[in-house]
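What follows is a set of structures to go through.
Next come two complexes, and both contain subunit A; in the first it sits with subunit B, in the second with subunit C.
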Partner chain A sequence: MKLIDTIKYRLTVDVAGRAFLRYERFLNARRLKNARFKSENLAPPLRISAWTKELISLHYFRGRYVEGHQPVAYVTSGGPVEILKALGYYVIYPENHAALAGARHAQMELIQSAEEFGFSQDICSYVRTDLGTALTGKTPVGKLPKPDLLLACTNICQTVLHWYRVLQKIFNVPLVVIDTPFVYTEAPPHAVEYVKKQLENELIPVAERVAGRTLKEKKFKEVVKYSKDATELWLEILNMGRHIPTPISIFDQFIHMAPIVEMRGDKVTVDFYYAMLKEVKERVKKGIGSVKNEKKRVLWDNLPVWYKLSRLAAELADRGVSMPISTYTYAWGELAPLIDIERGMESMARVYLYPILNRGTGHKLEVMRQMVKDFKLDGVILHSDRSCKPYSIGQVPQRNKLMEEFGIPALLLEADHNDERAFSEEQVASRIASFLEMMEVA
Partner chain B sequence: MDILEKIPSRREVIESFKSTGGKIAAVYPYHYHRALFRAFDILPVEVWGPPGIDTTYGSSYLQPYVCSVVHSGLSFYLSGGLDVVDFIVVPHACDSLQGLGSVYIDFVKPKQPVFTIYIPRGRKDLDVEFLSKEFESIFNRLKELTGKSVTEDKLMEEILKEEEALKKVRELYSKREQISLSDYHFYRVVRSREYLPAEKFMEIADHLLENFSDGTEREGVPVIFSGLLPEPMEILEKLEEIDGRIVADDFACCGRRLYGEGKSNNPFVRMAESILNSPPDSSRGATVDERVEHLSSLVKKYGARGVVFYIVKFCEMELFYIPHMMRGLKERGIPSVYIEVDINDPLPDQTITRLEAFVEVL
Partner chain C sequence: MSRVKAIGIDVGSTTAKIVAVDENGEMIWRYIEPTDPRIEDQVDRFLEKLKEELSISDEELKKIPIVATGYGRKLVHQAKKKLTEITCHAKGVYKSLGHGGTLVDIGGQDSKVIVISNDGKVVDFTMNDKCAAGTGRFLENTAMRMKVPLDKMGELALSAPEEVKISSVCTVFAESEIISMIAHGVAVEPILKGLHRGLISRIVAMIRSVGLTPPLMLSGGVVKNPAVRKMLEEATGQKVILPEYPQFMGAYGAALIALESTKSEN
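Presenting the complex of A and B:
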């Protein structure tokens, strides 16, 4: 790493950037403090939003100056980031970056660039968004640093494997693949062993070589502890959604999940979720619901439709419908109990094998069943996400089972998490209208 | 005599195999080891679709954006097409096949036991070790289910038999230019390995090599096809009509399964070595460069003039590679074209025109 880059980084990020963003957070927090119900029926944003904004802005701001100061890795969202964090990597999650582009309506231009290069409309729209950035350098966050290392973990899909092969071709840097055999029912011992050995014999040596450092056990354990603490807090926050009315909705969760994905393993993330939990508890105490006059509670399955988040939230809120939980946000919390710092890599191997996306369609149904009971839900919306086959395959029978077992309406909503062209306004409106009718809140 | 007359149909093979007390495993695409099943007197019969069937059955489980291979594969089961089989095997090649395996286990719950096989995405020692254990656990489960005490020696015997059959396939490929058969006929023979017992397949291959290798070179513009499978097979006849011929392929059902031989004396390790020692392919996570290199070497070796990417719609693992592969080939002076198909639809005129235009300029 170069001294000049480090000085530049320290001055720009640690001195100027941090101070500016802290000040901005202070202003935002003041504004949020007195916020009232924004629309007629939607609760004001959580006060923590000012901090979320600061964290995300700082994260990407660091990215502009990090090259030469810290090694940079691009990692898939379920990847074993703790090892990289302990080695001092600055980490970019292309999926999160793509989601952010989607939420800011900046994704379509990027998607089009990727398609012009030859990428098919039939591949995941996260990938097309990010390849748009990788090929053109354009991004809504100003600038993304070039990676020194790529790390793809197949525990969310096989798509990432191919995606990262393309990134490898574009950036010409080492790619480590952590191959996590799909868990149809239970992971056999040889699968756990396989993942553990890949972490120990492949990821660590390559990541050490690229970073020019050796992994220290003490540091690794510290990162894992932060990771576990933040994950547990996130889970606790989500479980607050069981209260009636629900103090937070999935729309809050989608916004505030960025740190648990992007900054897992950092102390600040633990502090952040601790503060968020406190605020959510406060809401429970005061009886503030995420929507005014909550009449019905609905589960969301699959990725969000990033570019329609706020509209969907308002539409449902206007009818007294809250969405207390989603399988997607829960995915970043449910593994907390598996993290066992003392059992080191073996426990990590299990953690990386067991995300919901690496488990069978029956497991996902079971998770949804449990949610319907625990969160006292009246309906389910399953976002049939054209872009994400691993998440979406199985939704047809899952929906049927949920309707059959609980006698509640369950809607299969055809859309795409980032590609607006796959969202048909009319069709979605009419499907949601009939869903609400079935719940008697139309 | 028409070579096709020598090839029994799937139905005939299944019936005759079952009549001797054997059992049948329906196997979805695409990497697995036949010997693992043959050791238990189970004949693997592969399910690549089949094309042209009513896919509405599958729609009760799958969304429309899942590829036609998986749609047909499930529809085939749901419409009774697999009633005759005793086991169902779903190797893991992609997100869609992963979903298929999972939907089978959790929702369809067929009367037959379902096996899944996870194929690692690398070819290092670790990957071989994992795959060998994956095979071993299937072997143990088959022992339990069939009640047969098959020894590892018996398994090794079957492995050697399959290796012999594989040699024959390689020989057919290497002598392809001297075999006076149309591409359609050639692929009917090669693909009969998807369901014929090794011994029967070798008999047919020998017959072909003896009777159809008259030394005359085939005519037509030489091209290479890359993709999952040559379906609808009508494409091969169309190619001939427009004066093209396939000299080598990178099809998942054919060229990508020209496995190398395993070396180990441990049967499980040997099978794993063989599978992982296959030509670079997307389902096993090959790099873009490895695949470009492989295609270029095929082009060079067989004197092809271009490459046709013949891709099943929604097949992400293929689609990802296309832009860089086409550029990579172009840099080496090799033209290529990309064509998308749905194995259930008749070949659109547009596809034929595209292919024709491509062959014409070569």
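Presenting the complex of A and C:
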């Protein structure tokens, strides 16, 4: 029976599902090949978009059938997923799922369901979106599998701790918390050791027990290598934004970052980013910019406003304003040099200690300074995200410092990455308009 | 030939204003009215009035460039260009006073702080949060609730020997707070003083977020309220400078920009 089930699962997902989605990608790719500048001013979507769509669709398609065939883990975006991947886990990132819901305008219903259960409006909107799904089963992707394991890493915020405890109550499955001490300048050796011990003594035993398998060194190294390769490619792609005009914008990055978050450690992710890099380089060669007639280049700080992405992109493009880089998308690339395949667990510990949100406001300021110089930026938009306090704290002095040091305008924009009620259309529009007038592109 | 060389229209949430300038950018005519929900009709009426009072013919009017600003600017189809209040206020105030500095403009539903450079450019700005706290609407609502005429509010507040603290900055919650105070027999004046203090503390926080570059300048309808001016001076330690027509700075700036556009076209 078990064998028949497995065969059925493989046939549904890996044969039929994959073939259908591949065919769809082929059709989409053909359509994209002939795409022209959309709004006159916005470059056509990258051809790779067809592949991104296929990867994401296949990922969630697998999720519908995966229960009972592969162990399932829910993981925070900064979680050490390589260990789980090496153990054959199918991984869901609730944050990514919530972002996808936001981009498809399906998040508000979920958020409201969570609030009806008593969760406060002051909690991060990713959490409310995800708990809405966990509590009602509703999702724009059809169905999410139930987790067998929960893994929360505190390197992004403390919210995840409480969030995953709630998930634990709902699903009644083991929860592993990896506690990552804050890094101000350099992580001291004992902090690295502390995280490493948690990986070895907490995560691995529990993950092995749940999966019913033991972690194989060879497989783990392979996953780490794919993870490193993909991360390096992602970084290289982002750095292409230094070209004038920039071949890709943060709006492209927000869309195409799904694999680096969700499918880190898979071979296909490496292939995907390799292809993406090739296409982006091609654009550089042909001088194709993400916006036509690029006049000004602006930095974005913080999470995107998922439900307003395309509007903002078009609005800026019409003024000849491009957004070559953001601290948010960069966060998934900047750690690439820290991944050391030979030093397996220790390098994992180090990598997961160093995300931007675990490093304080001074570090983020430094990252932005460097970006203004390297990407030759003319202005900065800092999204003050009502939901994400760790990302938004310190933005006022950061803004003032950047203005002072570089003499460029910087705008603090109040919104929320997923909760539309915290977004006030008219006010955001007038702030952006004033900012553009200040840069003399209105 | 008419002396009017450019027109600026500022459609705010509370009032709509129009300004006409001559070739030197001097304000030669202005008019203000509460904003009408039918903005296009209102602007047509404004232009009729202008034609009549300055004896301008239809033909002449057609040739005069118009720039619109304010939150209703997009509905002013008569304008050839639409710009935000930030740019226009800075322009108007700079021309009126002849220097840069930090401009505070307290409007009906938007309060703004604009830092203007010595050559008249906007170098930084900030606006109030999403809600009406820190805007003119905050005072207006509570004036209504307390049955105090709006133009007497400031004087009454200043006449209070003491003040009570209003803890809520939310317009709606502040209202309920006030009602319960009145029910408990607290006098009107100290409440008014507390309300003004609340408004000013929001404004000062905005000033701090962009940094105060002296001198401090004030515009918008609220300048008629003496308590706002006095408390702002107390809180910042700076003397507040007013332009001659503080309510018209947006429309004036818009007119100046319209005038510049004719010069650059020529």
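One rule holds in what follows: the second predicted complex is superposed on the first by the 437 of 442 C-alpha atoms of A that agree within 3 Å, B and C clash if a C-alpha of one lies under 4 Å from a C-alpha of the other, contacts with A are read in each partner's own complex, and residues count from 1 in each chain.
Throughout what follows, contacts are C-beta pairs under 8 Å (C-beta built on N, C-alpha and C of every residue); 3 or more make two chains touch, one makes a residue touch a chain.
Note that the structure is predicted; figures quoted are calculated from it, not measured.
After superposition onto subunit A, partners subunit B and subunit C are found to sit side by side with no clash.
In the superposition on chain A, A:409 contacts subunit C only, with no contact to subunit B.
Once the two complexes are laid over each other on the shared chain, residue contacts for A:112 go to neither subunit B nor subunit C. Superposition on the shared chain A places subunit B and subunit C such that, viewed from the Cα centre of subunit A, they span 70 degrees in steps of 10. In the superposed model, A:396 lies in contact with both subunit B and subunit C.
Which of subunit B and subunit C touches more residues of subunit A is settled by the count: it is B. In the superposed model, A:433 makes contact with subunit C only, not with subunit B.
By the document's definition of touching, neither partner reaches A:293: not subunit B, not subunit C.
In the superposition on chain A, contact of A:165 is made with subunit B only, not with subunit C. Overlay on chain A (Cα): least separation between subunit B and subunit C is 5 Å. When the two complexes are laid over each other on chain A, subunit A has residues 396, 414 in contact with both subunit B and subunit C. The touching residues of subunit C, when paired with subunit A in their complex, are 71, 83-87, 110, 122-127, 129-130, 209-211. The part of subunit B that touches subunit A in the complex is made up of residues 59-63, 65-66, 92, 94-96, 98-103, 105-107, 116, 118, 120-122, 124, 126-127, 129-130, 133-134, 137, 282, 285-289, 313-314, 316-317, 319-324, 326. The part of subunit A that touches subunit C in the complex is made up of residues 396, 400, 403, 409, 412, 414, 422, 424, 426-427, 430-431, 433-434, 437-438, 442. Residues of subunit A that touch subunit B in their complex: 117-120, 122-124, 127, 154, 157-159, 161-163, 165-166, 168-169, 177, 179, 181-182, 184-185, 188, 190-191, 193-194, 197-198, 201-202, 360-362, 365, 384, 386, 389-390, 392-397, 401, 414.
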